[in-house]
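Attaching a single structure in structure tokens format; questions to follow.
Residue numbering begins at 1 within each chain, and the chains themselves are lettered A, B and C in the order written.
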Amino acid sequence: MSREGLEARFALSRSSSFNLDVELTVPPSSTAALLGPNGAGKSTTVAVLAGLTGIDEGVIALNGEVVDDPTKDVFVPARERRVGVVFQDYMLFPNMDVVENVAFGLRSRGVDREQAVARASEWISLLGLDGAERKRPGELSGGQAQRVALARALAGDPDLLLLDEPLAALDVTIRSDLRRQLAEHLSVFPGPRLLITHDPTEAFLLADEVHIIEDGSITQSGSPDDIRLRPRTRFAADLAGANLLTGVARDGVVTFGEGTGRDGILRIVDHVLTGPVMLTIAPAAVSVHLERPEGSARNSWLTTIEQLEPIRDRVRIGLGPPLAITAEVTPEATESLGLETGLQVWVAVKATEIGVEGA
Amino acid sequence: MSRGRAEERAPVSLIVLAILGAGLFAVPLLGLIWRVPWRQLPALLTDDVVIDALGLSLVTSLTSTGIALLLGFPLAWLLANREFPGRRLVRGLVLLPLVLPPVVGGAALLFALGRRGLVGEPLYQTTGLVLPFSIWGVVLATTFVAMPFLVITVEGALRNLDRRYEGAAASLGASRWTVLRRVTIPMIAPSLIAGMVLTWARAFGEFGATITFAGNLQGRTQTLPLAVFVALESNRDLAVAISLLMVVISLAVLVALRERWWKP
Amino acid sequence: MALALAGALAACSGQSAEETLVVSAAASLDEAFNEIATVFEEEHPGTDVLLNFAGSSTLREQILEGSPVDVFASANISNMDAVVEAGEISGQPEIFALNQLQIAVPAGNPGGVDGLADFSNEFLLLGLCAEGVPCGDFARESLALAGVVPAVDSNEPDVRALLTKIAAGELDAGITYVTDVVASGGDVEGIVIPDEFNTVAEYPIATVSSGTSPELAAAFVELVRSETGQAILRDHGFASP
């Protein structure tokens, strides 16, 4: 067993219908995502790991130190646990300005005023918040508030960083920019990082390892690609539904660089957007043909079936180069077309079915 | 004051009722002002009776407010944050002085804490302490009627506070006392202050419980309201002068704190 | 205030003003006047007697402020005179009862009080009626006559309030009327004040001009001064003039 990072294996019940049973390991310098719908138990997990609630069974250890173990009567409460939390809605103290908020953890732990302010100011600079020091939380933009919350959590040198839906409160238009910034900031923190979210894009882009939680238990853990290509449950399949591709757009054409495992181009609707982009294609929007298709789809190409995976009432088809994406068809179609691994097929995607976002 | 185009004029019946309502407050005040003997006012207000009563009123009302804060805040905190058996009963007890006629409150205090009272008698036997007819009697009577305001206001404010702030503070390493001092209290400050002002005002104006429990003696227990009552019988001008003094003091306090009153 | 409301309510309850009689009487007349009122209601069926008890000075103020009172029975002459001077009395006030002061102590006399001299004892809890209230003024007169400088702990707004505290044992002694000691039954004991220090309180009664039932008012005053009324008053400790 590794002696660092987060090791958690626990169960608790809140009511007859709510039972949480989680096993989670997050190594240092890595980001894990806990991905699931609302009500799955994500917030309770945050409370448990932060030390705001105790577990019924199991063990939670941070950097080798046990912080919660009912059988040994060990429970380290939140204020003694070194967990930095970025809460949903950030919970910045409205009666304090940015510096005081960021310095709060240090001051609470006994650091004297001058030192605390100095260290807080370092973090404020690091997160690009220079100039906002004296502002009150109410005067900050969504993005600034998020960064203040992050600075506040990190300033105390925590052993674990927990982020509860850190981007949910932000406007969709700035979300991707801030997602990128968040990824940079996260990489600065040497400890384990756990991101709790219901947004698969967030999870897949920010995390090294994704844990899918449904109804109180983890149903699948793996790298984003693992989950995307080999979802184990219907829910995971839905989550991983979108094919995510990054490329460069210009005049309505997106090119995919060499070495990305994706060659070729895709035509998109937006002729204005230029530069790095992220494309989402629902597998159900990918149609499979035995011959070159006629029709309105602007994108069609020849490829090979690498994988066939039936999941309940659908079949997921993993396709190979030039563009490795997943298609979804009915079992009947699979049969009638005689689809099987290794078969060469034509694939079509309408430009209108491709979601585009600046990356 | 210009009205936006879309804003309709308020219904006439509403305006009429509102004017009547405002009148209910304004007319008695005007009646009082009409009777003020302006020329004798300085002499009346510097009378011994008034000076003594004013000093007593200020000291006792402020002390009451302090005690209400000291005892009421923890009570409010427990009522807001902890489930305990009998919680509803406790809250009912706290509300009782609000609905009880003050004289009944004073009588109850007398039966409990007077020399022959339930608690008062053993207290008297062992320590010789007599609460009625003393300044502490006044403080006790005014605290009894005024403290509910503080408890109710603070409890309401604490309930409306998002608990997650305290969770955030805890996760940052703050002890319970630090959370209270740096997060909870500053965040409920407007309500807390409003509660304290209400409490003070109630204590300042208390009459029935005071006269019943503490008695009426100039310099020891005769607060401004009692002085007015007694003066009404023999010296109406003095009564009006003291009444005016009380109105002015109360208005001054309200005006000084008006912004806090409305800030959410 | 309360009287005006009472008058209005009586009017609303379907009785005409002629059938309601409002009597303001000094606090010490409580029990006696309740009995007299019952007799009056029996003799005048359909009539409602509303009794308003308070300190005589409070009652005086109410009348002077224009409360619609029919009959005023005061515990001293000066309060009645004030009302007469203001022109509020119709006819002539008549003395209808006499009262004397007495020292009242809680049953058992825990303070060991035996006379007026004890009223200068600082270690006793002593009460008087407030100045301006007839009982209070008379008491101070008595104490002055006896050469006693009182160490008072409370000046109660009316005699009943004073009595309540004495009966409860919260005060060791107070000066009230003989009638009050009688009215308190076993809770309060009386200690006689010698005649040379005592005052005779004369109680005047009169009909008030702003009243709404002048005929009934006159009839009530007659009943009070009749042998029936006087007998009731004597039962409660008053003396007849």
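Some points to look at:
Going forward, a residue touches a chain if its C-beta (ideal position, glycine included) is under 8 Å from a C-beta of that chain, and two chains touch if they have at least 3 such contacts.
Quick caveat: nothing in here was measured; it's all calculated off a predicted structure.
Distance between Cα centroids is largest for the pairing of subunit C with A.
Each chain gets a centre from its C-alpha atoms; the one nearest the centre of all protein C-alpha atoms is B. Subunit C has its Cα centroid 87 Å from the Cα centroid of subunit A.
Subunit B and subunit C have Cα centroids separated by 34 Å. Once the centre of each chain is set as its mean CA position, subunit A and subunit B turn out to be 55 Å apart.
Residues of subunit C found to touch two or more other chains are absent. Residue ranges on subunit C touching subunit B, taken from their complex, read 55, 57-58, 61, 125, 127, 130-133, 152-157, 161, 165, 168-170. Of all residues in subunit B, only 162, 164-165, 167-176, 178, 182-183, 186-187, 189 touch subunit A in the complex they form. The touching residues of subunit A, counted against subunit B in their complex, run 47, 50-52, 77-85, 87, 89, 91, 93-96, 104-105, 108-109, 152-153, 156.
Those residues of subunit B lying in contact with subunit C across their complex are 110-111, 114-116, 130, 132-133, 211-212, 215-218, 221-222, 229-230, 232-236.
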